[in-house]
Structures are given as C-alpha cells and as structure tokens.
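Okay, so chain A shows up in both of these, paired with chain B first and chain C after.
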Partner chain A sequence: MRITYPHMGNLYIVVRALLLSLGLDVVLPPPTSRRTVELGVRHSPEFACFPFKLNLGNYLEAQESGADTILMAGGVGPCRFGYYAQVQQQILSDLGVDMEMVVLEPPDVSFQEIKDKIRYLVGGLSWWQIFKAVRFAWCKARAVDIVEERLLHLRPRVEDPLLLEKLYRDALQEIDHAGDRKTVQRVVVNYQKKTGKLKKRSVKPLRIGLVGEIFTILEPFANYEMEKRLGLLGVEVNRSIWLSAWINEHLFGGLLRVKYESAHDKELATPYLNSFVGGHGVETVGCTVGFARRDYDGVIQLAPLTCMPEIVAHSVFPALAKDYDIPLLTFYLDEHSGEAGIQTRLEAFLDLAAARSNKKGEQMSGSVFRN
Partner chain B sequence: MDLFLGIDVGSVSTNLVVIDPRGELYLSPLYLRTQGQPIKTVQQGLSLLNERLTKKDRICGVGTTGSARALAAVLVGADLVKNEITSHAVAALHAVPAVQTVLEIGGQDSKIIIIKDGIVVDFAMNTVCAAGTGSFLDQQASRLNLTIEEFGNIALKANNPVRIAGRCTVFAESDMIHKQQMGHSLPDIVAGLCEALVRNYLNNIGKGLEIRPPVVFQGGVAANAGMREAFRKALQTEVIVPKHFDVMGAYGAALLVRDHILEKGVKTNFRGFEVTSQKYQNSSFICQGCPNSCEVIEIKQDDLLLARWGDRCGRWTAAKAETFA
Partner chain C sequence: MGVIKIKRVGIPRALLYYYYYPLWHEFFTRLGCEVVLSPETNKAILDQGIKNSLSEACLPVKVYFGHAAYLAGRVDYLFVPRLSRVEAKAYICPKFMGIPDMLRARINKLPPLIDTTVDAGKEGNSVQCWVDCLRDAGNRLAADRKLVEDALDAALEAQQFFWKRLNSGMILTEAIKGTAIPETPVDSSSKPLRIGLIGHPYNIYDPYISMNLIKKLHQLGAVVVTPESLEADEIEEEASKLPKRLFWALGKRMIGSAFRFFSSQKLDGVIYLTSFGCGPEALVEELVARMAKQQNMPLMMLTIDEHTGEAGINTRLEAFTEMIVWRLKYADHIPPYGESVHCR
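Now for the complex of A and B:
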C-alpha cells in the first residue's frame, strides 16, 4: 500500500509524521501548482468548489509518483465537503485511475467506524504505538503553528521580509525531516532565536483578521498567497483557523489546551447566526465579531466560489459592519480569480482601514506607499 | 511653478493630469488611447506634456494608478503607486467635497465607492464579468453604426425604452437584436440598453450597499448622456458628473502624490522627460523552476534591468532588488 493525501497548507508535515510513524509507505503529491489546477479543473464538475478541484489534481499527480491509496477526510452536515471523497472516487474510477480511497469520517460521528479504518490501515500495530504516532504528529502540528504565528507577526516588522521567508521555509523543512520530538522542539527554538535577531523597523502595523473556509484560509495556493500579500503591504495578519487548534477540537474532542486568540469566538456568532450552517459558517461570523471586539482594523473573509456556508455567513456581514463599525471584505476564490483585481481590492481595503484608524488618532504604518 | 503629475494607465485610456500645489489643474488633462501599448503611450503623453510646460515649471512628484500602475511607476520613477479605487475616491472628494457615493465605469471595470464624512468606508468592484462596462457600450455603438457620443444622445430621444436583459453582455446583445428585428425604434433600444446596464451595475456591484446622495458619476462612460439619464432614473436622485470625469483616476493620483511630497518634504524620484526618448525593452519568459511555470516580465532600459515581476516565489523579483541596489 502506497498511501497519499491531498494538500492543505502545511498539513502535509503533520500527516506525514503520523503515517510514517504508523509504518506506512507515504507518497506525497508534489506541491500544488498550476499543473495541479489544470488537472483538477479538467476532470471536475465546473461548479464544484475550488478545494475539490485541487484535491483531484493532487491525487492524479500523486498517482504519477506511484501512490495507490488515498487517505481522505469525510464529513457530515450541509457542506458539500461530505461528498467530496465519494464523488472524487467516482471520477477517478471513470478515468480508469486505479486508486483505493480510505475515507475517515469524523470520530464524533462514529468512533467504531474510524477505529476499524485505522485497524485496516495499520494492521497489527499496538494501540500504544498508535498513541505514540499521534503524539509525534501533534508535536509537529504545534511546531508548525508556532512557526507560522511568528511569521505573521514579524512580516510587517522586519526590514528584510525575504530573509524571514527563507528562515520560515527552512524551519518547515527541518520540522518535516525531524525524526523525534526533541529535534522538532530544537528547530522551533532555533527559529525563534534567528528570527529574533532580524533587523526590525519601528512600526505599528495595521491588524487584519482572516476568517472563512478552512481550505482557502490554510492553502496559500488557493488564496493567492493572501497572508504574504498582506504582510508585504505592512499588515499583521491573524486568522480564525489554526491547524493544531482545529485538530484538537475536531479529532481530540477538545481534550488538550491550545492557546490561540480566536479560541472561544465561535460562541459570538449568536445572535447573528444561530444555527449550524455547515462548514465554517458559524466560525466565520463568530470570529469576525471576535476580531472586531479585539479592535482589529479590518476582517477579510476567504471562501471558495459557490461555498454555501460562507455565503450564509457573508449575508450577515452588513449587520456586523454596522454594529461594530469595522471594514469587511470578502473574496470568493477559484481558478478564474484575477490576481490584479485581488491586489487592487486589497490595497483599497487597507487604505480605508488605515483612514478609519487614523481617524481614531492612531499612527499607522500599513500604507501602500512605495519605497 | 512646482507641479505634480498623476498618470492613470488603464485598459482603454492613459490619462495624464498636472496640478499645482493648490490642487488646481495646471494644464488641460491628456486623454490618450492605450491601444495595448502602455509604455509607448506613457512616453507619448510625457512628450506632449513636455511641449506644453515652460522652463520655469518643475515636476516635484509623480503618482501612478490604473491597472498598469506598477509598470508606469518603474518607467517614470514614481513617488507613489496607488490603486485606482482610492485614487478615484480622492478625486471625487476634491470635486464634490460632500460626496457620499461614487459610481465609476471605465473600459473594463466598474466600481462603486461609499464615502462617509470624507473617508472611504466601503467599495465594490466587478470581479468576474465585464457586463456594464465601457467596452460593451463601445462595441454596441459600432454595431449600430453610431459614434459613442451619438449613442448617448440618441437614448435621450426615447419615448418608451425597451426592456433588455442586462445580466450578461452576450445575452443582452441577442436580446437587443431581437428587439430591433421586432421593429422597436433605435432610441428606445439604445435607452433600454442603458437602463439594462445600470440595472446590472446596481444589482451586481451595488449589491448590499446603501447609495446615498450626493452621487458622483465618473469614468469614461459618464460622457454618455443615456447612461447618466438611466442612473438618474434608477436612483431617483441627481447624478453629478464632475468637469474632468474622464481623468479622475489620474487627478486623484496627482492629489495623493502632492500630499505625500508636501507632507514628507522629500525629493521626487521622477526620472525626467528624457524618459520619452529612451528605449525600453519589455519581454517575458516562463520560469522553469517549478511546475507553477510563472510568466516573468522584465523591463529593461538598454541593458539595465529596471524591474521584474510575475513570479510567485519571489526568486526573480529578488534578483531585481540586487541589481537595483
């Protein structure tokens, strides 16, 4: 069995650690690229969401590298994601691509089912060994988040963002290659030290919160590198979804304590959105309120085009903008999104966010002046 | 006189505006057709300006805007590169200080800007569809054998504008042909088309936004009397068209760069009017570094690399930084 799984930002590092420790043979798809998009778009229904198309492209590219089994998450509720795996499997089989799909439905739905699936994958491994593998993957998930958090904080502040970017890339690679928890922790400490020594500018950057659908937030390829664009325009970015927090909440049932800013924001969605609308609709609304309350200068919503839960959340935005007097901007993304249009709207959005904050008497550096 | 120059390089037109430190126009603005050659058009515009300026005039700051703002900035040595939304808002505020809504329709994009107490609070821009932009009107006018100026005035003669589906320009066109074959009069059809475009604009771009007066209508399409009338009818309010409605982007860039230079007290990066006589080579290549196959664009002046962009990873853009430094 040569197992693969789709990309979603830096998730590959965590899943690879888990599967390798479980003694599985892992074939990672090449990083998502324009070729991935072309492959995915060619074989997907036109109105499928962007993540679906990228997943499919990932599978096809992984198959070229020798993968024969796909590990995919399932889902329940109104979001179409719940059917991704089944539809993708059908498309692959119509294409004559011989790959087995193992779908892990969320553990809070059927624990027995996921137990059986894990047994099927790992064979006779002991539960202690499985626990150790999960612990190791978790350690990497935390490390990745810490490294990313630091990147988002420092990007608008350092004099040489390209150098910071390189340190970040190196750290990710070292975390990915690390064979034990001690090495992972050492990489993180070193990264903190090195980035701490970078020359900083004295600025008070604009603060923007990113909310929306998990894939479009976490996958830079899908969101046209929104975090980097914002960072280079002098903005400190925070987001509603972090990988480790998400794993903890959805896979561990919230067992562990993970400190992150938006941890309890979901509850703030009431009274604007009172029912589960699928996907991350409720989180989007709740976290927008959270960012507004913490006095962020603006919130940007990211969603795949035609994403129903995010459309529902978006419809609440005019009320939020009015109640909290905070600038909100929404991007629906797919393979047809124009980069020039995204950049123009972002720059204009930052101008208005900065103008609003200046009015409050603060000094802002998030201007888009050149030089 | 100390002067400030704003350059707006858009898909259809390239505009140049020169203002004095008070923000008033110093020369009549230049409105040139870009015709797919932004570099040449900017050079041409600068040399026209150079002919009109006297020896005492000095360009103290240059701001660029429009879809080719980055390219134009490298070319002339701009002090400020600003997106067209902010530029248009600044110019509208200068022309009508109390403005609350700006409607802007250009060649290939259209936008709406909501202003409150003199600052932009919201905006929207067409993203996936060109329905309701100047290019479509241009095309329909030439199909009906009218100049774009005649087109707008004919609409005013309508008694009973026909209803045309304006959701998609392709279907709007077939709807229009249908009405024409049914025997409707030309003014009624043209007026119907204007109303359809306005409806489409308000439904798509103005979706969820509160349009409050005073409303300012600018961009090339504001020249069209039929469109002005259609907006007035749909919004039930006066629609103000500023005097220099067709060069507001450039005007805004000039105002912004004036503020920037006067506030910071810095010297301009303007490379001078020699720019017009220099030869620039723009070329592109496909990077083979990874499967993203980015199209990298380079601008060279003789053999000196001025700028590079288009790469996702920053590898080529970084190379530029080194040559620059």
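Now for the complex of A and C:
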C-alpha cells in the first residue's frame, strides 16, 4: 500500500509524520502547481469548488509518482466537502485510474467504522504505538503553527523579508525531516533565535485579519499567496484558522489547550448569524467581529467561488458593518482568478484602510509600501 | 372582545413555497391571520432581488430576496422559517439555514420575521420538524394553545391532501392552487415523447425563472414527468443505492428521481435544470450525468441564472427533442461514426 493524501498548506508535514510513524509507505503529491490545477479542472465538475479540483489534481499527480491508496476525510454536511470523496472516487474510476480511497468519516457517523478503517491502515500496531504517532504529529503541527505565526508577525517588520522567507522555508523542511520531538523543538528554538537577529524597521504596520474557508486560508496556492502579498505590502496578518487549533478542536474534541487570538470568537457571530451553516460560516462572522473589536484595520474574507457557507457569511456583513466601523473585503477565488486583479484590489483596499487609520502618516509612501 | 386587527403574515412565493405552501397557508389562516402571498415572480421582483442580495448567491435565493422585499412594506410579519434539516440528517443548503439573517442584514424596513427553526435533527422525521416549527410560530402569534393545535391539525391535513394530488400525477402548479385536474396535452395521433424533468421545484415551477419550461416542452409535443410524481419511498430507495448517504434533502430527491427515471420510467430523455452556482447540485449533477452515460439515457443540463436568454433555451430544447426523435426513428441504423449513440 503506497498511500497519498491531498495538500492543504503545511498539513502534509503533520500527516506525513503521522503516517510514517505508523509504518506506512507515503507518497506525497508534488506541490500544487498550475499543472495540478489543469489536471483537476479537466476532470472535475465545472461548478465544484476550487479545493475539489485541486484535490483531484493532487491524486492524479500522486498516482504518477506511484501512489495507489488515497487517504481522505469525510463529513456530514451541509458543506460539500463531506461528499467530495465519493464523487472523486467515481471520477477516478471512470478515468480508469486504479486507486483505492480510504475515507475517514467523522466519529459521530460510526465510531466502529473509523476504528476499523484505522485498523485496516495500520495493521497490527498497538494502540500505544498509535498514540505515540499521534503525539509526534501533534508536536509537528504545533511547531508549524509557531513558525508561521512568527513569519506573519515579522514579515512587515524586517528589512529583508526574503531572507526571513528563506529561514521559514528551511525551518519547515527541518521540521518535516525531524525524526523525534526533541529535534522538532530544537528547530523551532533555532528559528526563533535566527529570526530574532534579523534587522528590523521601526514601523507600526497595518493589521489585517484573514477569515474564511479553511482550505483557501491555509493553502497558499489556493489563495494566490495572500499572506505573502499582504506581508510584502507592509501588513501584519493574523488569521482566524490555525492548523493545530483546528486539529485540536475537530479531532481531539478540544482536549488540549491551544492559545490563539481568535480562539473564542466563534460566539461573537450572534446576533448576525444565528445558526450553524456548515463549513466555517459562523467562524467567519464571529472572527470578523473579533478582529473588529480588537481594533484591526481591516478584515479580508477568502472563499472558493460558490462556497455556500461563506456566501451566507458574506451576506450578513452589512449588518455587522453597521455596528463596527471596519473595512471588509471578500475574495472568491478559483482557477480563473487573476493575480493582477487580486493585487490591484488589495492595494486599493489597503490604501483606504490606511487612510482611515491613525497609523497612516508613519508608513504610507505612495500606494505601495514596498516595491 | 374588542376590535382585533387582523395580522397579515407575508409568505414569499419562492424557494420552499413550492413544497409547503398548503401547510403554511392553512396554518396561518386558521390562526386568524391574513396570509399575503407575493405575486408570481416578475421582472420587478427579480430586479429587487438582485439589488438586495449578493451577486454570488444563486438565482432562487435572489428571487426569494425579491419576494421578501416586495412584501416588506405590505405585511405585519414575514414568515421566513430557518430551514436546517427537513428530514433526519439531511440539510437543504447552508443558504436556507442562514436566510433570515441574510434578509435582516440586507433589506431595510423589514417587518418582524417569524423565523422559527425547522430541524429534524438526527432522528426526527419530515413531518414532526414542521409541527415543531409551526407550533413555535403559532405560540408567538396567538396566546391560545388550543387554537394553535387545531390549526396544526388542519394544516397537516391540507398538506397531506396536496401531496396526494401530486402523487396522482397532477402538475405542482395546479395542485398547489387547489383547482381541478387539468388535461394533459396528449396528442393521440402520434406517440408523444416522454421527457423527465429534474430540478428544484422553485426553479421548474416558477414560470419566470424557468421561462415556462414545462409549457415549452408541451408545445414541442412532449409529456413531462417530474420528481413530484414519484413517491417519497421510491426516491429514498433509489437514493440509498449511493455509496454514501447524501446529506442534502433536495439533492437526494434529485438523484433518487434521476435514478428512477433512468431505470424504470420508460422515458425518452431527461432534462436537468439547475441554477448557476448551486452548491449541492455541482456534485449531484455530476453523479447524475455519469449515471446517464452508463445507462445510455439522453440528458441535457440546463443551467440558468438572471442572465439566461430565452432564445438560447428555446434552441437547445428544440435541438434536444429533435435529436431524441431521430434516435427513436433511426435506432436500428449503423452509425456513420464511432460508437452507436442509440443502443436500445
């Protein structure tokens, strides 16, 4: 069994750690590229959301590298993600691609089923070994988030963001290669030290919150490197969704404590959105309120085109904007989005956000902060 | 008793109006309210809807916004139930779950909304969830518990009657009006085409949105079969053939009827009407299309939105029906190119 799974930002590091320590043979799809998009789009339903198409592209590319089994998550709706696997399976089998799909449905469907599937994957491993593998993967998930958080914080502040970017890439790679928890921790400490020594500019950057659908937020390819774009325009970015927090909440049932800014923002969605709407609709509204309350200079919503929960969230923004005076911008993204358009809208948005913020004079020099 | 002002409850003629209007109408009438139904969709209503809603929303939701905006100044309450799960473990669509909030955020001067929740949860059933929703609504409007319970009974009866009429083969737009059964335009001299029409009721039965699709098909000499003529059990049975249960109630209806249409309704072709940007349909229609191919059933996908041109629809309908006639006529011939397109 040569197992693969779709990309979502840095998730591959975490899942690889888990599967390798379970003794599985992992074939990672090549990093998502234009080719992935082409392959995915060619065989996907036209109106399926962008993550669906990227997933499919990932599978096909992984198969070229020799994968024969796909590990995928399921769901119980109403977001479309819950039915991805079944449709993708149908598409693959019609294409004559011989790949088995192991779909992990959430435990509330059937606990026994998920147990059986794990057993099917790992064979005779003891539960203690499984626990150790999960703990190791969790350690990497935390490390990845810490490293990323630092990157977002420092990007608008350092003199040479490209050097910072390199340190970040190196750290990710070292985390990915690390064989035990100690090494992972050492990598993180080293990264903190190295980035701490970088030359800083004395600025008070604009602060922008990112909200929206999880895949689009976490996968730089799907959001056209939104965080990097913002960072290079001199903006400090924070986001509503962090990988480790999401894992903790959805897979560990909130057992552990993960500290991040938007942790409790979900509740702020009422009175604007009073019902669960699937996906991350409620989180999007709640976190937008949260960012507004914490006096951010603007909030950007990211969603794949036709994403239902995000459309609902976007629809209630006018009510929210009445109570909180905060600039909001929404991007619906898919394979047809153009970089120049995104960049122009971002620059215009930031100009406006900066103009209404008290911090303006300090850093604005023309429309672009840094060329 | 003093003079009681009769409360006017507005019901938008859109979305699930096409499934549940008899229930709602009877209920609010029995409570002593005046039910105000918005007129059939027209240009002005659609324009209002487009103006008030988000451009990314699908056409039926925009139309709903238009109807709500139309009613806003004319009624005391607007009945906008929050539709979560209308049967156990099956949602409709996130937009239906958020629609009261969406309306509140985007339409000015909205009357108070009756936005009680319909949620069958994980074990409930498709009738009880409505009983709960309406009871909740009734208790807000009228103090008299007995009156609410009586109204509920009457409403359920009206809805049952409506369902019975549908199953007897009546076209929904007639059944909902409570008029007598109309003649189906069957031309006895020639054997008419039998075309299955799949699509959400708020698309196919809204003559403005669908541009009179059913009538057009009749004029082309076809008999139209819709999912409404199937029993709920039949649909459920077909839908359960999927590898995983669908968690969208309407999606399940579409796929269940499509499978039944393909296998046992002796149809000559199937038309699938969807609205642009419909989330669940994006996946459901893919499964239906792949199944149609396997079963060798001619299938035409019609995607509509507010920009759809009527001439384009006409042309496609004519072409589709003509192709089917050819297929039936020349079914025994060897095709000049490639694989036979007609293998019956």
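Heads up, the rule we're going with is that the second predicted complex is superposed on the first by the 357 of 371 C-alpha atoms of A that agree within 3 Å, B and C clash if a C-alpha of one lies under 4 Å from a C-alpha of the other, contacts with A are read in each partner's own complex, and residues count from 1 in each chain.
Operating definition for what follows: contacts are C-beta pairs under 8 Å (C-beta built on N, C-alpha and C of every residue); 3 or more make two chains touch, one makes a residue touch a chain.
The shown structure was predicted, so the numbers you read here are calculated from the model rather than taken from an experiment.
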A:Gly278 touches, of chain B and chain C: first, second, both or neither? second
Partner touching more residues of chain A, whether chain B or chain C: C
Which superposed partner A:Pro318 touches (first chain B, second chain C, both, neither): both
Partner chain(s) touched by A:Gly57 [first = chain B, second = chain C, both, neither]: neither
Partner chain in contact with A:Ala348 - chain B first, chain C second, else both or neither: first
Which superposed partner A:Gly286 touches (first chain B, second chain C, both, neither): neither
First (chain B), second (chain C), both or neither touched by A:Gly74: second
Touching partner for A:Asp94 - first (chain B), second (chain C), both, neither: second
Shared chain A contacts, counted only where both chain B and chain C touch the same residue: 317-318, 332
Residues of chain C that touch chain A when the two form their complex: 53-54, 56-57, 82, 84, 89-95, 97-98, 100-102, 104-106, 117, 242-244, 246-248, 276-283, 285-287, 290
List of chain B residues in touch with chain A within their complex: 67, 73, 78-86, 109, 119-123, 125, 127-128, 208, 260, 269, 290-293, 312, 314, 318, 321
Interface residues, chain A side, partner chain C - complex: 45-49, 52, 74, 76-80, 82-87, 89-91, 94, 103, 272-279, 281, 305-309, 311-320, 332
Residues of chain A touching chain B in the complex: 30-31, 33-36, 162, 165, 225, 317-318, 321, 327, 332, 336-338, 340-341, 343-345, 347-349, 351-352, 355-356, 359, 368-371
